[in-house]
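My questions will all concern the structure given below.
Should a chain be cited, it is by its letter among A, B, C, D, E and F, assigned in written order, with residues numbered from 1 in that chain.
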Amino acid sequence: MVKGIAFYKEGEHVHEFLLIKSVTKGLASNGKPFLTIYLQDKTGDIESKLWGSTAEDEANYVAGAVVLAEGDITTFRGRNQFKIRTIRPTTEHDQVNKAELVMSAPLSIDELNDKITQYLFEIKNPVIQRLTRALLKKHHHDFFEYPAAVSIHHNFLSGLAYHVCCMLDMAKAVVNLYPEIDKDLLYAGIIIHDMGKLKELSGVTATSYTLQGNLLGHISIMVAAIGETADELGIGDKEEVLLLKHMVLSHHENPEWGSPKPPMFKEAEILHILDDMDAKINVMTRAIRKTHPGEFSERIFAMNNRTLYRPSFDIGDAEDERQHPFQENN
Amino acid sequence: MVKGIAFYKEGEHVHEFLLIKSVTKGLASNGKPFLTIYLQDKTGDIESKLWGSTAEDEANYVAGAVVLAEGDITTFRGRNQFKIRTIRPTTEHDQVNKAELVMSAPLSIDELNDKITQYLFEIKNPVIQRLTRALLKKHHHDFFEYPAAVSIHHNFLSGLAYHVCCMLDMAKAVVNLYPEIDKDLLYAGIIIHDMGKLKELSGVTATSYTLQGNLLGHISIMVAAIGETADELGIGDKEEVLLLKHMVLSHHENPEWGSPKPPMFKEAEILHILDDMDAKINVMTRAIRKTHPGEFSERIFAMNNRTLYRPSFDIGDAEDERQHPFQENN
Amino acid sequence: MVKGIAFYKEGEHVHEFLLIKSVTKGLASNGKPFLTIYLQDKTGDIESKLWGSTAEDEANYVAGAVVLAEGDITTFRGRNQFKIRTIRPTTEHDQVNKAELVMSAPLSIDELNDKITQYLFEIKNPVIQRLTRALLKKHHHDFFEYPAAVSIHHNFLSGLAYHVCCMLDMAKAVVNLYPEIDKDLLYAGIIIHDMGKLKELSGVTATSYTLQGNLLGHISIMVAAIGETADELGIGDKEEVLLLKHMVLSHHENPEWGSPKPPMFKEAEILHILDDMDAKINVMTRAIRKTHPGEFSERIFAMNNRTLYRPSFDIGDAEDERQHPFQENN
Amino acid sequence: MVKGIAFYKEGEHVHEFLLIKSVTKGLASNGKPFLTIYLQDKTGDIESKLWGSTAEDEANYVAGAVVLAEGDITTFRGRNQFKIRTIRPTTEHDQVNKAELVMSAPLSIDELNDKITQYLFEIKNPVIQRLTRALLKKHHHDFFEYPAAVSIHHNFLSGLAYHVCCMLDMAKAVVNLYPEIDKDLLYAGIIIHDMGKLKELSGVTATSYTLQGNLLGHISIMVAAIGETADELGIGDKEEVLLLKHMVLSHHENPEWGSPKPPMFKEAEILHILDDMDAKINVMTRAIRKTHPGEFSERIFAMNNRTLYRPSFDIGDAEDERQHPFQENN
Amino acid sequence: MVKGIAFYKEGEHVHEFLLIKSVTKGLASNGKPFLTIYLQDKTGDIESKLWGSTAEDEANYVAGAVVLAEGDITTFRGRNQFKIRTIRPTTEHDQVNKAELVMSAPLSIDELNDKITQYLFEIKNPVIQRLTRALLKKHHHDFFEYPAAVSIHHNFLSGLAYHVCCMLDMAKAVVNLYPEIDKDLLYAGIIIHDMGKLKELSGVTATSYTLQGNLLGHISIMVAAIGETADELGIGDKEEVLLLKHMVLSHHENPEWGSPKPPMFKEAEILHILDDMDAKINVMTRAIRKTHPGEFSERIFAMNNRTLYRPSFDIGDAEDERQHPFQENN
Amino acid sequence: MVKGIAFYKEGEHVHEFLLIKSVTKGLASNGKPFLTIYLQDKTGDIESKLWGSTAEDEANYVAGAVVLAEGDITTFRGRNQFKIRTIRPTTEHDQVNKAELVMSAPLSIDELNDKITQYLFEIKNPVIQRLTRALLKKHHHDFFEYPAAVSIHHNFLSGLAYHVCCMLDMAKAVVNLYPEIDKDLLYAGIIIHDMGKLKELSGVTATSYTLQGNLLGHISIMVAAIGETADELGIGDKEEVLLLKHMVLSHHENPEWGSPKPPMFKEAEILHILDDMDAKINVMTRAIRKTHPGEFSERIFAMNNRTLYRPSFDIGDAEDERQHPFQENN
């Protein structure tokens, strides 16, 4: 059984089926072409170079293809690279299940659906309930499959719905501890806050930004979508609808991060805090898993380019980490 | 004939009908109440204090009332104040026309309407034409009466439509000079860019922010409104509609000024520049009118709190300025 | 039974025993002295002015004195003021219990102590446990009585310990949801993060900054204190000690907020997030309690000077709010 | 007839006379030298690499030389590159007119001169007229040949004078629309605002910064030059001269952009706005010409590193663009 | 003998001849006028209020007048105020020497002149020597009398020349310690760096900004003046002249502080550091003199609004401070 | 005799013993490994590449090894590189003294020690004297050998103590010129301000950051160390100790540069200024030594990435510079 591409160390030998995540062509300084190929399995991805690539290589090795690759792990500027010795496209005979090479949330789509439905039941305000339910229904299919981002956090299959579930669990703890928080607004705000990403991003795999994603952004897209759905339900003039629009509008907190207004009531502020906390924990946890105890991680763009330390007294646990959440489900 | 409240100098005596713009009650340090009253006529407004105010005063002197006031102009921290000696509410016998005490655009509503209609005819792209026409029709009544802001620029009757007309005239010069600019996008963007203010602001007089103005802002309101109207016309999926949404979204240029995305095509950038230029010229011109040649104006909030100099060789013209645009129409 | 000074509205009449929180003397523009007195009971505080104050008044009305005051609530720039008609010092005959006029945490000192002790038991790492226990023991008395700040958040009796308890409850939810977080580091970091305030602040009442508070700040004070205590326990060179020092050092996240280093491992980052969240919820909740449904609160310094909206559909709950946590305990 | 180097697409074959704009030598990772050569014709420039360059190559291929090159267009990181197959220096027999390979303004020097002279006639204030005329006379030759910048905007032959002409045309529209703007100050300010660049930049081709350009900048150079010329004319103490100095000093608006004072009267502010607008339109237009409809341009340094979108409904026009202004004149 | 107005404490009684530094008229909230008068002697200045002022008072108490005032020191917001009981204009019979009421440098004009002449002799480079000598000669009279600023630092008689002398003394230590620093450039740069203030500021007393000071600033004024003087000497094209212009241009280091270019050679950088250090020491020393040991000073605008602590172990010295430099010279 | 590696120019031939400062391995685009080796002698260091490196090369060429290298100087992006032709490890027979290949301060350890001891004697306040002496004694060995930084300034043998000595010499000039500065605080603050670097940095050669350096920084480390030492001396509660802690805490002036509090008394501010000045002069002097007269230096990270000009009239001195301080001592 294979280790998972994220967990090899420098010098180790790899021989695995891998999925091509992206390919770009370059020109080496000897004038010959080469391919930079990102290869992934369900544990993560790794950069590799195919030197002196041919036209046939370019045809075979495209995003979405599955290959059998063999070679060694080297390190360049603190990041692993995969030095390919041999590579070939797979055929039907190889009997590889492509879905098993994709990183995905630790909960299945059904589990995610159940969890969110449960929280939906707890929303008592009828305006908020109907609106949230209608929005969820409209976006149902994509909502449970989309990643939450192109590259920052929760960028894996069902990442968006998993992110929402974690936030809802934390929200439950918040409303228990601080009874003056309005549970209905908070739960609904969490469920819909990132739904605009289903229009901002191009799809579940090889995710990029759509034209409306580039020109409007998921926040503006979603604010308009809430209004449309509320109008269809005949509740377009309710204060609750305006409040939910504001929660979506303000959930990045800061103009520079894309919110033209800061949160202006307490549930909007808490939505922002929980969103930020869950994203950061996801990002930090995944960076630390790839770092040895007693060492610093590579720089993390989404954490202001900080590098994080993994305590050395963490050693005892380090060996067990391959059984961690992200593998369970596959 | 009266001078207009904006043009008195320190020491001069005033005896005029004036409209109350706003009133706030305070407590003097001798423990007695007083009213801070902003009085206006069509040339501008001035602060005054009514010391030792009675309950009857509070009933009589409210925003929107017309009074006959008499007193002297004093100066405090570089701004004129009106030291009231006598003040009384007006009655029917005074035969004051309240509309003549309100500052308004130098063009009448009909003139503004004609001008904008002309520009609308010049838009050749049918999607852009239909959408702009439909939006203008929906907002028709308010569009020609609203001010463009609570207090920053063009804060007078028909200020919004006048601001749009000035921008259109400049836009015409731009497309003549730079033929690669798309006239249709630019004209349409100008006409609709601030329409969201009709929902953001409470009305034509005693203007304040509505709840949705506070929680969403005119930009988000308008982006959604474009989508709704386009859907009604069956053109919701046209690229032109997306581009117009983006023009509205980005016309403040900068996240801190309320645009979550910067302008991302050339007509969007030019819309921003013309909007900014017309607003600044309006603000600067009005500040300079109140400043004597050879002196600096009071600090102007909308110009980064700068103070502007009025050249002293400007003296020859200074006496004529009371015939300027802002009076013509009344 | 009295309402509590925080809950009066403009125009209402007050007749209550109140505690003087602070007094400053000023000179009115008629040349006569006056006192600005902040009066408090357990629900909050209010500004009042005593015009034409005498030397006797200055002697009687000092911070810490209890008075019987009678007068009316007025509003100035959106904040309530108390217009005193009569005021007198209290005597023994009034039988006022000063402790009942002080705002305090909703949990008693014993409850807080029990709660924190419980969490201490859950820390398994012996180095972390011993160090935290020793620090708690050293600061025991003050730790359970001090406020968490002079004026920003949790500025009431036992505010510091209550803040720690809320953070611990949230931390428990975090470690349940995200099992890769080290519970021991997180709990210990929370318990000690603000202990330096016991040296930075002057005391439980009439709290101000000490000289070392001004020159060093609670963060630097506490980093040194951890080292000293660890040395006394003979564990000064353990990695865990260094990690806890870093958690205290970095818990304000940002150089401008007083942390020379940002959090550099995941538990340090989470400590910051929980600290920030609990402080903000405390600040927001108290501002909203003083705001009517459908209105905006006064500007909140600790929230970037934002003003918060209280939804109008919140009306049903508004009447009940006087039974809220902050009164329960008295 | 050739297309122009700016308009080839990936995969197309090139065989053209080209002018070398700049050359730098590098060392490939196989230890062999190579040349990075920027080649230009009147439509733009392109990067190329000459691998394994010899001493002879280094002698032949220097800035200012004309070559005949043949090869293919490739793309690297979203920018075109020219993959040279054969290259040779030209000889007299080739009969290439070097001037035809230089990008230049769409108006000839005579046309630019006529246009600016016309505007000069419209300046009525004698002090302003004499000073502007004298400055223009002093710098006459360079003024009509220099580019407006090393690399940002209008970086082509006669770019400075063309930039001034466009600004004057826009200024005419401004003074027509806003009659309170002083035409004399505005026209004069525009004509002289960038004259300091004639000392800041090294010349018409292979433009770089002079030592005084680096140490003082064109703004300080020009402010001093105005003073000197005014003294020579015996008008050094006129307010108009001080105002023109200030217009030059402040025309970058912002300290970070090189203006120690912001514009402090209205014509100075408008000068800044028109300068900025014309520069941006020049930059945007040229970036969009190189971008296919439906795609985003490369990042534009002078626009805060933004990338601009070229609408896809622009397709109809795309084919005609090779007849655009920048070619007309050659 | 009097103490000096800077050294009184709250509650002390004053009876002194004082010079009026500035007067502004206000309107009290009882509707009566009052004067805010800044009174000074050679030790400093103090704010006072004259309530219920008459037209005669306004005529008598103007900037530059000497008065005999009697009253008490009070404190308002941490600053001393002078509560006037009686005040009268002085007459010839009072025999007050106005010059003795002005704060001035601790060295006389002759001493300053000698010192600077000495440093001038040490400049060996003939271009630098001649230019510096010529500039000093041109500005001779004002140079030794002007203050260095309106209100920030060295704002007293001969403050500018004294500031230059202190910087020269420090520069001597710098060139001794670091022999690679060019002494000639550094000394010359120091002598001329602030000469532009002789045109930027209106004069020796009641100093304000001139119009060219406001529109150009002392830096631009001086850069031009260096060029003119160098041209007169026929050395306008020497590198040394350009370097000195740059030193003046860059000596505020930072665009926001008025330097469009940062220092670009080592002597220019050191000029900035010494300028900044001497200004700060002057500002700090004067703030601390007015602060009691063991207390914090009032906020200091020129030090980023910081408040400075005066150590309590400084007590022994506190009593002697009235013999300090600033009094010696009078 | 050799020139010193810092002083070669492009095209010159090198044949020298050199010390390897650092080595990193890379992969060329032809797939072969290469080593990037920084080679140093006492004058500076230079980058070189060893193409096609073998396993043996990797074993031989490690940080700390001495080699005999021969080759040529080339230039890449304005920086010299050393193109190695032949390289071999040295043996005992070569009789190279490694210590002579290390850059070090121009004063010997004994000279530095004497100088600092002298200044220590001048401190009169017994608390300050005892504390400074004790701290110096504790850190004695490392204090005189450590560099002052990894790469910014004074990054050479004894760099820290040399930096302290220069600052003390400047401080002496300051206290002579400004008698109100407390000499004792200033001298002591200078001696101890960077002592925390002895724990922050890993050692004298191949210097990197320690774990506590990364997590706490030298400032926090030293503030705690002062407290500990003061407690050992029984003077932990003296104001002087608190003041010295604050001087260390604030000596970077600014939160972003690592000081959570700005300097809050005058000696703390001056400590910062002298620290900054000495560091900048060190950095500038060394950059200029490597720059030809009439040219600009490479960009200097520690000076905000500025490039500095070396005046061309500096030519006469340029030839002599190889006898400069940094060589004298070896």
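By our rule, contacts are C-beta pairs under 8 Å (C-beta built on N, C-alpha and C of every residue); 3 or more make two chains touch, one makes a residue touch a chain.
Chains and their UniProt names: A, B, C, D, E, F = 3'-5' exoribonuclease YhaM.
Here the structure is a predicted model, which means the values were calculated and not measured.
Steps from chain A to chain D, minimised over paths through touching chains, total 1. Chains that count as touching both chain D and chain F, per the definition above, are A, E. If you take chain C and chain D together, the chains in touch with both are A, B, E, F. Looking across C-F, D-F or E-F, the pair that copies the A-D interface, with over half of its contact pairs the same by residue number, is D-F. With respect to chain E, maximal separation of chain centres occurs for A (centres as means of Cα atoms).
Averaged C-alpha coordinates put the centre of chain A at 45 Å from the centre of chain F.
Counting partners per residue, chain A has 29-30, 211, 214-215, 239, 243, 264, 296, 309 as the residues that reach two or more other chains.
Applying the touch definition to all chain combinations yields A-B, A-C, A-D, A-F, B-C, B-D, B-E, C-E, C-F, D-E, D-F, E-F. Taken in their complex, chain F has these residues touching chain C: 211-212, 214-217, 219-220, 223-224, 227-228, 231, 239, 242-243, 245-246, 249, 254-256, 258-261, 264. Residues of chain D touching chain B in their complex: 125, 166, 169-170, 172-174, 177-182, 185, 239-240, 243, 262-266, 269-270, 273, 276-277, 280-281, 284-285, 288-289, 303-304, 306-314, 324-325. Residues of chain D that touch chain F in their complex: 26-27, 29-31, 211, 214-215.
On chain D, the positions that touch chain A within their shared complex are 28-30, 34, 51, 74, 76, 296, 309.
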